[in-house]
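What follows is chain A paired twice: with chain B in the first complex and chain C in the second.
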Partner chain A sequence: MKEMLVGDGSKAGSSGSSGLSPAAPTDNGEAARRRKRLVNLTRPWVLLAPSLIVLAGLLLWPLIQVGKLSLQDYKVKFGGGEATFTGFDHYKDLLKSDLLWKTVLPNTVFFAIACVGLTVALGTAVALLLNRLGPTWKLICSVSILAAWAMPAVTGTYVWIWLFSPEDGMVSQMADSMGLIDAETTNWFTERLPFYGIATLNVVHHGFPFVAITVLAGLLTIPKELYEAGELDGANAWQRFWKITVPTIKPVFLVVTILSTIWDFKVFTQVFLMPGGSGSNPDVYNLGVYSYIEAFAKNDYGAGAAAAVLLTLLLLVITIVYIRTLFRQGEEDL
Partner chain B sequence: MKRRVIAAGCIALTLTLTATACGDDGDGGSGDKADGKGKTLTVWIMEGTNPDPRPFFKEVGAAFEKKTGAKIKVEYQQWATAQKKFTTAIEGGEDQVPDVAEVGTTWVPQFAETGALVDVTDDVKKSGLTNDLVEGLKDAGTLDGKQYGMPWYAGVRSIVYRKDIFEKHKLKAPTNWKELQETAKTLKEKEPGLVPFPVAGGAEMFATAFVWGAGGELATKQGDVWKSEINSPKSIEGLEYYTGLATKDKVSPAKVNTWTEKEVGDAWNKGEIAMSVSGNWTPKAIVEANPKLKGKLAAIPIPGQTGGMSKSFLGGSYLSAFNTDKKDLAWELVKLMTTGEFAAKWAKQTNYFPGQNSELKKIEDQKDPLVEPFAKQMIEAGATVPKTKAYGEIQGSQVIPGMVQSILTGKSSVKEAADKAAKDMDEMFAKDK
Partner chain C sequence: MTTRRTPLASRIGLPLAVAALLVFTLFPVYWMVSTAFDPKALTRGSDLLPSGVSFEHFDFVFDRGNFGQYLLNSAIVGIATILAAAVLSLFAAIAVARFKFKFRTSVLIMVLIVQMVPLEALVIPLFIQMRDYEMLNSLLGLSIVYIALSLPFAIWTLRGFVAAVPKEVEEAAYIDGASWFRMFWSVLLPLVGPGLVATSIFAFITAWNEFVFAYTFMKGSDKYTAAVGIFQFFGENTTSWGPVMASSTLVTVPVMIFFVLVHRRLGSGLAAGAVKG
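Here is the complex of A and B:
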């Protein structure tokens, strides 16, 4: 992306400069041209500098610090802590631990996959619905979707906890009255699967509005003629969706999928606040909670940082894969 | 700005003088008449102990200003986040820590180890308070013979039950574990709408009472090293009894498996509990939230395995001075708040117990049936958790609740769960050595 911008800029610039000095290719003109080229080369960076500096200060610096911390044993002391360099010990411990491979990573990965899949599917379905509604219903539906989006994660989580609260929650009582469970002996929160089922509902409910709104924006850009042509050729709704809608707005899907993936991999609040999620039930640790408990409950800042770095690397790999796909897609379109 | 200049001054002072010289005589031998004109002490107090602490601190502030000329500035902190806030402030040093703060007893080892807290052993001795402090509480904040603050207030858990329901079914308050079990089973049969005796998986201090009650320990210090005892035969016996109430006798339904003390309290407020382990501060709060229960609650100490009492966690707060340039003034404030009139007033307003035997005796003598059993438990059967920074980490990572929950959900046997908890605890003890 950067290269493209810079490349475009210099191309436009050079054509401009040649237009400015059509005749007189003197030494003077040569120097001016060189200066122009230099300006063209540096200008984008100068313009980008303020935001790059802010990003470096807010993101890069903490990232370096976490990386540094993950190689140390850190002890809090009055007026400034003591750090002992330990090399890659924390990573070794982390990668050797059964908990990581059997619990933490599977929880994180499968939970993220389920959440992303469901969020994108539900979001798209809602976008398609919104696209077909009349103005009044569209407004009503949009407002209620936005309400779900605007709900803070903490509030939303408590609502879901209440709904599923064992024995007394609405869902528990309904399931009991339908004879699906025995409310007195069922606690959804103690087993891994129902626990993450509830967390998935919560995250999907909180995440689908963004997808719906973004996909809706994409849908509005698709020319109506394409659908008319498709209909004339006898394509049914299902075929029109897969053959027209999806290919046309594929980049939109890629973007919402990338963003959802990043968000769903690093879910913390929604898990931490659930009963047992804050550490008393190791079966439901995900990477975020694990890192938090290592760092702030066990005061093992180095181990916590190592887990955080691992999460970052994981996200980085996923993002790189996605961005490559996105650009390959872009090139095909051109 | 001014603070920083003063702070810099004190650092310079500490560098030139030796540490001991800075402590007592360094500030001009002020003794008990520290001159604090124009100075302000920052005080961190936990929110929620006293329903409305503002009038109390207005009075304290006025009395303190009259005595020393200095003002106090109270900043209220949340229990849930305070430990992290303290840690951050300690890391920041003298500029960021408060001058005086309420510090939970289990935090004292961690904070003291960083060098942030002032050792007040000599001041306590000089003020003639040493022998009046409740032993278990004094001990909780004393490490290697150094006392890091004054016990301010304390609480203990005993058993609270519904008097009306017990009378209705002609039940007597249990006096040993067998009776407790039988009573709970009868309650389950006769009062199906109520939780007979919650075995709350998230409530660490419910479980520990039964570990101690069976003669077990969480951990013991052998020489310099702490060693977990949670999987000793006695501890396991206690855990087996406690969790068996839920898994075998079914007097605690599955929903309670993930409850913490907060949820138990909520259920009391809704009138859903017949009998439970409960803190001395709870009966009044329950009646306030649910006036229908007025006069229907009663309390007894947690029965011992075969009679007597099971020990129960003696928790509370210290008022500690931090290593700032206002140490002498800070001690004056600590003394003012933790002794005499203000200590008694605070205890009364919060439904907790004061940290001095003399004040505690006065409360016991009032013979309030909802207070006396707790006072008895506190004086005769209080226990503390291992005094080491590592135990704070063990609590933070919820080793005991995790163990209890895995037993309650049937994921592991009592022995397996206790062995795993012991292993986790030993790892943390070893790491902090």
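Here is the complex of A and C:
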């Protein structure tokens, strides 16, 4: 295939060999081969260059900048910024602050754990359900799952806020009519726990379809004979799931778990848009929101950058685990 | 011997589970759309059916909220994003799928790592960068950021589509005397076309849905994208949920239609690890 990529090279060789002089063809062939090698060497980089330039300029360079920024005090001035080097002060302040250890990190971590656990559990249950349905209902359920998946984070968040909105929201009204709460005085969004409960519902609703569809694809690869053998040995459905399904498609579970972890650690929009989530209620900060507020609401770009670097490092660790998992599986033929 | 022991449980359990699934997935969508059409949206409480059907919230959103402009802005940014992202990612995908070269694996891993970076870490330096270049509040500046955001997923997905084209087809073109570019134009491009369309639609959805950058960069209200424009219907103390849900419906419905249409083609790419919808 490599040889075929340079059509004109082989043509030059063949026209050379038809000549009378014995020395010319070897020279020609040599030159053609060298050119072919050069084209083979440069063409992939020529094709890659535009993308790499864009990625380097807009993703890699900003990452370096955010690292640099986290070591500075940056003041926005008219027509440019003014930076003073401060060393690791922002990191020291950040790591010493009560807000980080008592609010921001627990919010981020426990929220991510709850979301990942529920997303993977629900997604797996739905995949098992889909696997048992006939074609018509499977199609109906698949389309409804896709609808949940396709719901943009922004509008999905607004719908959940509306459902739980104090006084007028549907859930508040229903809970009120059942005598559980007083809709006039209950605000779900002011306390940490109900706030993140609603955010979890939102994120799981948006995230489980990916798990369901990926796990379903995995289920389809499991040979039926394994289940028949299990049944003959007297294993019930619960045992068959844990002893046959889980071990056989363990790689699939690993991948969806790690990817969900990466996504749920950096949830921003779904928290930021909720009442109090954009800065007025420090109790509900997560790491992403905290970084954004420090930078853009308090104009402390250095401190915001330090928090952003912390989040990036956390995600980088998870990403490395993810890539190693992919490689060990050997599924991705890189 | 292998008599099914659970006919009753599955006869009741299965429909129950399906019903629960349909309610959980579709109820928020239903509530959004039905509130958008409900003339008495604010006071509907827990009434499952809207009190009537009217377009007044949509009229309000377009006449008073300038939402047509925001939808147009979103469309412009989205189209600019897919045009650039499609061309760039196709070239890059051909490079990594069709050529063996040094650092190929490193390039692929870098692409994978780069898309895991949290947007909140990028928004601070990019904001400062764009401000220095006076590209804030410009649809072009926003499009450039979105091109970068959608590239990793597009490269990763298109790589699969390019690799799926049999090499023999290409070789046949060379034997017929085609140059590389002729082969690309007449053979590879038509065969990768469907994948390219699906990837482009996904890039469009990424740009259409994005919030953080649009919210941070676009400070002039005539430059809002639709996802940011909804925000203005939130009042100080009360929120007019009719217009909020009407504009949310306008943002959501096209995405859902596109997503259901293209997801099958993207299946493997979505699983390979990328952007959430």
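Structure notes:
Methods note: the second predicted complex is superposed on the first by the 257 of 334 C-alpha atoms of A that agree within 3 Å, B and C clash if a C-alpha of one lies under 4 Å from a C-alpha of the other, contacts with A are read in each partner's own complex, and residues count from 1 in each chain.
The rule is short, and it goes like this: a residue touches a chain if its C-beta (ideal position, glycine included) is under 8 Å from a C-beta of that chain, and two chains touch if they have at least 3 such contacts.
Note that the structure is predicted; figures quoted are calculated from it, not measured.
Applying the stated contact rule after C-alpha superposition, one finds that A:81 touches each of chain B and chain C. Once the two complexes are laid over each other on the shared chain, residue contacts for A:297 go to chain B alone; chain C is not touched. Of the two partner chains placed around the shared chain by superposition, neither chain B nor chain C is touched by A:117.
When the two structures are aligned on the shared chain, A:29 is found in touch with neither chain B nor chain C. When the two structures are aligned on the shared chain, A:197 is found in touch with neither chain B nor chain C.
Ranking chain B and chain C by residues of chain A touched puts C first.
By the document's definition of touching, both partners, chain B and chain C, reach A:168. In the superposition on chain A, chain A positions 76, 80-81, 165, 168, 296 are in contact with chain B in one complex as well as with chain C in the other.
Interface residues of chain A, counted against chain C in their complex, comprise 1-2, 4-8, 11, 40-41, 43-45, 47-48, 50-52, 54-55, 57-63, 65-66, 69, 74, 76, 80-81, 126, 129, 132-133, 137, 140-141, 143-156, 158-160, 162-163, 165, 168, 170-171, 173-174, 177, 205-207, 209-210, 213-214, 217, 228, 231-232, 237, 255, 259, 262-263, 265-266, 268-269, 272-273, 288-289, 291-292, 295-296, 301, 304-305, 308-309, 311-312, 315-316, 318-319, 322-323, 326, 332, 334. The touching residues of chain C, counted against chain A in their complex, run 2, 6, 10, 14, 17-18, 21-22, 24-26, 28-29, 31-32, 35, 42-46, 87-89, 91-92, 94-96, 98-101, 104-105, 107-114, 116-129, 131-132, 144-145, 147-148, 151-152, 155, 167, 170-171, 174, 177-180, 205, 208-209, 211-212, 216, 227, 230, 239, 241, 244-245, 248-249, 251-252, 255-256, 258-260, 263, 267, 270-273, 276-277. The touching residues of chain B, when paired with chain A in their complex, are 84, 87, 90-94, 97, 110, 114-116, 201-202, 253-255, 257-259, 323, 389, 392-393, 396-398, 401-402, 405-406, 408-409, 411, 428, 431. Chain A contributes residues 76-81, 165-168, 183-187, 189-191, 275-276, 278-283, 293, 296-300 to its touches with chain B in the complex.
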